[in-house]
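In the two complexes that follow, chain A is the common piece, with chain B as its partner first and chain C second.
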Partner chain A sequence: MSSTSLTSGRAWRPTLPRRHVPVLATLVLLLVMYGIGVSQYRAFSNVQVVFNVFIDNGFLLVVAVGMTFVILTGGIDLSVGSVVAMTAMVSAAMLRDGLPAGLVLVVALLIGPTLGFLMGCAIHFFEIQPFIVTLAGMFFARGMCTFISGGSIPITDGFWTAMSQERIGNPAGNFVSISVLIAFAVVLVAAYVLAYTRFGRNVYAIGGNPQSALLMGLPVGRTRIAVYTVSGLCSAIGGILLSFYTLSGAPLIAVGMELDVIAAVVIGGTVLTGGSGYVFGTVLGVLVLGVIQTLITFDGTLNSWWTKIVIGGLLFAFILLQRLIGIRFK
Partner chain B sequence: MNDTAARLRAVTGHRLFWPALVLVLMLVANTVYRPGFLAVEVKDGHLYGTPIDILRLSAPLILVALGMTLVIATGGIDLSVGSLCAISGAIACLYISKAPDQNSLSTVFTALALALGVALVLGMWNGVLVAVIGIQPIIATLILMVAGRGVAQLVTEGQIITINSGPYRAIGLGHFLTLPLAILIALAAALLVAAFTRRTALGLIVESVGGNAEASRLAGIRSGRIIFLVYVVSAACAAVAGFMMTANVSSADGNAAGLWVELDAILAVVIGGTSLAGGRFSLSGTILGALIIQTLTTTVYAMNISPQTSLLFKAVVVIAVCLIQAPAFRARFARRRSGPTPGPAAPQREKEQVPA
Partner chain C sequence: MTDSRPVLTMTGISKSFPGVRALHDVDFRLFPGEVHALMGENGAGKSTLIKVLTGVYGIDEGTITLAGDQVAFSGPMQAAAAGVSTVYQEINLCTNLSVAENIFIGREPRRLGAVRWGEVRRRARALLARLDLDLDVAAPLGSYSLAVQQMVAIARAIDVRAQVLILDEPTSSLDAGEVAQLFRIMRQLRDEGIAILFVTHFLDQVYAVADRITVLRNGALVGEYLTEELPQFSLVEKMIGKELDALERLDEQPKRAVAAQSGGAPLVEVAELGRKGAVAPFSLRIHAGEVVGLAGLLGSGRTEVARLLFGADRADHGQVAVDGGRASLRTPVQAIDRGVGFCSENRRAEGIVPELSVRENMILAMQAARGWLRPIPRRRQDELVDRYVKALSIRPANPDLPVRNLSGGNQQKVLLARWLITEPRLLILDEPTRGIDIGAKTEIQKLVVQLSDGGMAVLFISAELEEVLRLSHRVAVMRDRTMVAQLDNDDSLDADRVMQTIASGTNREEVTR
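For the complex of A and B:
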């Protein structure tokens, strides 16, 4: 396929922009994996399997959307997993102390963005690498978790349990949780912001070339701080969704989640140097991870560590693909 | 400009000043809190005491950070070291646990050679990805970081392999000439790396590749080979660190061995004054950084704070050290952008045109 497109690239399907190729490759992979699942296991064709992938990975999806913003500017946010855990911990601890659910929601949703804003400021004003700043943020948030409580805190609040157990479905018995709807809403808002607002276009411009963006008079500093705040907000929402899902806050929950998130974003076709990628691709990336897990669960004989090996292999394949496209069209 | 230049000179003159100050402050605070902190005593011909413990426990981190320093000096980063520690430890322990005589020296050396060999192959994989295929280092090594944990668990089959081997245990807990063997190994590795980089042109070449790989290549340096080499060295260092970690507890846990050590190592390197942008490195700074991190951990344990909460302190120290160093960063960037940027860029183009 690639050899023919080399010679007749322009005539051959002119409507396919090359920046869509990674996303389409992910889509094809997802369909192939789903096809394998359906052909191998009869129960796999049940629509509920797809819904369960969304239910189990709703929080991952939200966090990955935030990470997409950061990676589009060419940065990276390692703190997301810890912020998710911290948000869940804080809400669990406050609910245990009997505070009203509404107040807890507001406070929990404010912590993530605040930390993100501070990290963005450190990155922009002091010119410290995002890697180190968000690493410190990761340590800070994880330390806060154990500072709040060394053990798991169960959530018994009425609002939380209602959100956790509410099933929205059809008479056939297929359902999704409210978390999935929230995740979809976040995805749609993020897609709109990236594609149609000034802020979204600034994000792409900075990722493409920060120097040029600055010379064009774009608010580089403000945008850069904003993307880390957005990522913090998404992590906070993800933390709330996770606490809906598990109905508890545990200090060691979501350890290593940042890797899954980065993997999902990369598999979804976002280029790590920034400037190219879509929220839709990230959704596909998260789905790929979810379907891999489901396949391994369905198989039953494979152990959980195969998930990591497969994700690593997929990461390699997709980066290689991006690289090949990059070389071909440079 | 004059002001920034003066400030720059003042800061670069004391490149190790701030990290050293932080370390001394922490030791002083510890001594005030617990007067017996610095006491060292001789028992059974070995030195014992908290400072010795800090040295012994920081040995794996120093090793990993040494390799990381070289990688970062080329402008790269190696996230896979933690997984490599786990893999090498798992392979060594697996081989020893299967052997009929766990205490035989030949068994232990075969196990070490086998595990080191695998680590070197994995390091070459990283090197090929970065130097030949040209993938961003952070992503290229992320692959092995994610997959490597899976591989380590595959090797141990999800179990914790426990072994009962005296010689292997000695790597982590043994003594030689009254000092812990681990710190001597780390010291030897540091001296070896220092000799190769600072007594030969290798260090300069590594720095020049980090400064500008393309320009170095045009100047006749085989950038690709240097980049490949540093990832292999980093993997070798990580493997030895993995031996120490597993020897310390006489067991290999695919999940927990070397967890987060890559982050600690990167921290140690950054605290030591090596820029993540590459082009400059300080081995002594890295060792100082590793000691700071281990002292911090030990301090937190000694003050009876839960180990996880120690992350809070780590975050504070990292931010403090980075902020202290930040004006220097800014000054360097300002100088690079305003001054010599057109300079090096222009001659570089000329060089390109002359052979063409």
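For the complex of A and C:
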């Protein structure tokens, strides 16, 4: 038997790499939805509409990037919404007490990763389901919000208001907020880490087959703890961005956000069982969510719950798509 | 064969676990440029020896020297770094990653912390070229067959400048052509001076590829032999430590006459049963007391035939009639109800429930047949379990032991007992002897003969042609998911003719329509 016969032993040679199919499907979906918007509403073609989608969803994007790391290993992080809220609350409370903005930033950015690290340790060392551990983290962080204050705390700090109001625009009058730039920076760093560092590749390996990853000598435990820490850090950054956006900290903000985030990641083509997906897909997933919201706002007659209904339908369709590709993959 | 000094020497190795002496004063040596087979029954200490060598276990007594230096590895990683790499039976790679990445992950060439993908792919291509493999290194590993994945695992193993390559049952999931590929690569690596330690259950493979054989029995060394000086039957005798009475008696039996049975009405009549993508429609009659063998390569559709017949997969074509009735078998519950039992090929995933005890595993099918609302009385359970533990000589003979603590062969017997308790009229056995030692294998073969003499019909599926020929009255041959022939097992039928049928797909005219 010659080596050529081995090459022909491949299951099927696709014209288009299978792992790119979900991402491309999302891209097509996004373009179709944007096309519908432009054809239905004259104002939709204004570039600022796209920019506003980014401005309104910058924090969601950052959190979704963190979630992408977790889901790529085959895990899940339900605590992100609560950690976002807790970060915003802690920042607002500290600023109210007159602490300097720099110190507040550092503290706020440490809380999320610390909680993520602890949850990662619980998941790894005690072999507990990520679902349960991060559910506990979710309740804990949400409880801490109400513990800090029962009601909303406004932020009047100069740095925060400056970050909130700063507009970076072009002469035509279109602009984005600083949060959008920060979100883009996070996306670029995450994409680089996943594609070009050993940590990033270990994430994919663990998602593909944790047992094999262990036997190939990869640092499975360290990587698993690290992804929850990364997700915590992203949630913390998301929390800061949200407090820039709302200029307040409220105990019941971002309730259920973890589910939007998971939906965005999955619609963006990352497989829930791990091992396959891209940060770029997550960006598309967040944009899909944002454009649906914008379309429903433009319509004006539809209840905002339609957003949820459409997202539900899309999520279902994308999970089916993944499953079909997965079956072919075997 | 080289006459140089051994690259690896293990001297006086002993290893005990609580209550068990797994290895006792075992010597083993491995020369550069040889394929050395490590043989023994299940539980002889092969795995323990390999694990001691690669540092999975510590040693109680004895020394290991590698290239003249005494070594004691802390684990497989350290062993691999020192040049002793292992490729396991299950392929431990990530199918979602590319071929190139699977070879290099964990030790990718980097610049300033960034993986140099161009370099990774270039080196992967070079390494695979050395193994004479032409693969798209950027394609996901999962798009290649198991055999190719196994060879990628070998590529990963030898990249770490391996002096010693351990192949632990690498062929159990490969078909004949793929095994030939693997052997070609093994010979090539041997000629490059790598020492290969080869563990397998297949005696033919040992004689096809090994230069030297070391036999273990009950944790002790039996001896080291040159392959050409050790005939196959003496190897088996050395492995099981007794004369081959049982096996030979089976061998000497005349071909089993079939004429008597095929005259009457068939017990099971399969008409044009098929399922798209699994098996092309086939027809088959099985009479009471008849053993029908199912031969064919791995992936030719043998298991699919069994699953369709049992109703585990839904047929989209044709029907199965039992006792001449038109009642078809559509679900496993119906099948069990009509007296069909199915021993799955995949005993870990589909058969045995490892946490349950021997007793619970045995009565599972009978309880299912009775319905869960009518528990089997404890005394009846004990009676049945006791009888089959004795009849199949299941060891240890403790019905309350969790099944996972039993060896592979004994697990297989428990599974068999589960179906025998239901007293089926047709028993489907899918690879009942794979991966179990030769003693247990003989016992299971004898049992099949007894059962069919007692009037039970058996559909016997096995990758080992000799076994199929020894036991069957008739042999149905599968090729590319089609039943291409049904051959009476008379004096003219031998392994060669079955192989030819598999290879050529001729004899089509003999398919019963």
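In the analysis below, the second predicted complex is superposed on the first by the 314 of 330 C-alpha atoms of A that agree within 3 Å, B and C clash if a C-alpha of one lies under 4 Å from a C-alpha of the other, contacts with A are read in each partner's own complex, and residues count from 1 in each chain.
Here is the rule we go by: contacts are C-beta pairs under 8 Å (C-beta built on N, C-alpha and C of every residue); 3 or more make two chains touch, one makes a residue touch a chain.
Not measured: the values here are computed from a predicted model.
Contact with chain C, but none with chain B, is seen for A:G275 once the two complexes are overlaid on the shared chain. Of the two partner chains placed by the overlay, only chain C lies in contact with A:L218; chain B stays clear of it.
After overlaying the two complexes on the shared chain, residue contacts for A:E127 are found with chain B alone; chain C is out of touch. When the shared chain is aligned, chain C comes close enough to touch A:G208, but chain B does not. When both complexes are overlaid on chain A, the residue A:C145 reaches chain B alone and has no touch with chain C. Legend: residue contacts after superposition of the two complexes on their common chain; A:L315 is shown touching chain B, with no touch to chain C. Look at A:N170: by the touch rule set out above, it reaches neither chain B nor chain C. Overlap of the chain B and chain C interfaces on chain A comprises no residues.
Partner chain A is touched in their complex by these residues of chain C: 76-77, 80, 88, 91-97, 101, 105-106, 108, 110, 113-115, 117, 132-136, 139-140, 142-145, 147-148, 151, 156, 177, 180-181, 184. Residues of chain B touching chain A in their complex: 77, 129, 133-136, 138-140, 142-151, 153-154, 158, 254, 263, 266-267, 270, 276-277, 306, 308-316, 318-319, 322-323, 326, 329-330, 333. Those residues of chain A that touch chain B in the shared complex are 76, 122, 126-129, 131-133, 135-140, 142-147, 150, 251-252, 259, 262-263, 266, 272-273, 303, 305-309, 311-313, 315-316, 319-320, 323. The residues of chain A lying in touch with chain C in their complex are 1, 3-7, 9-13, 18-19, 192, 195-198, 201-202, 204-205, 207-209, 211-213, 215-218, 275-276, 329-330.
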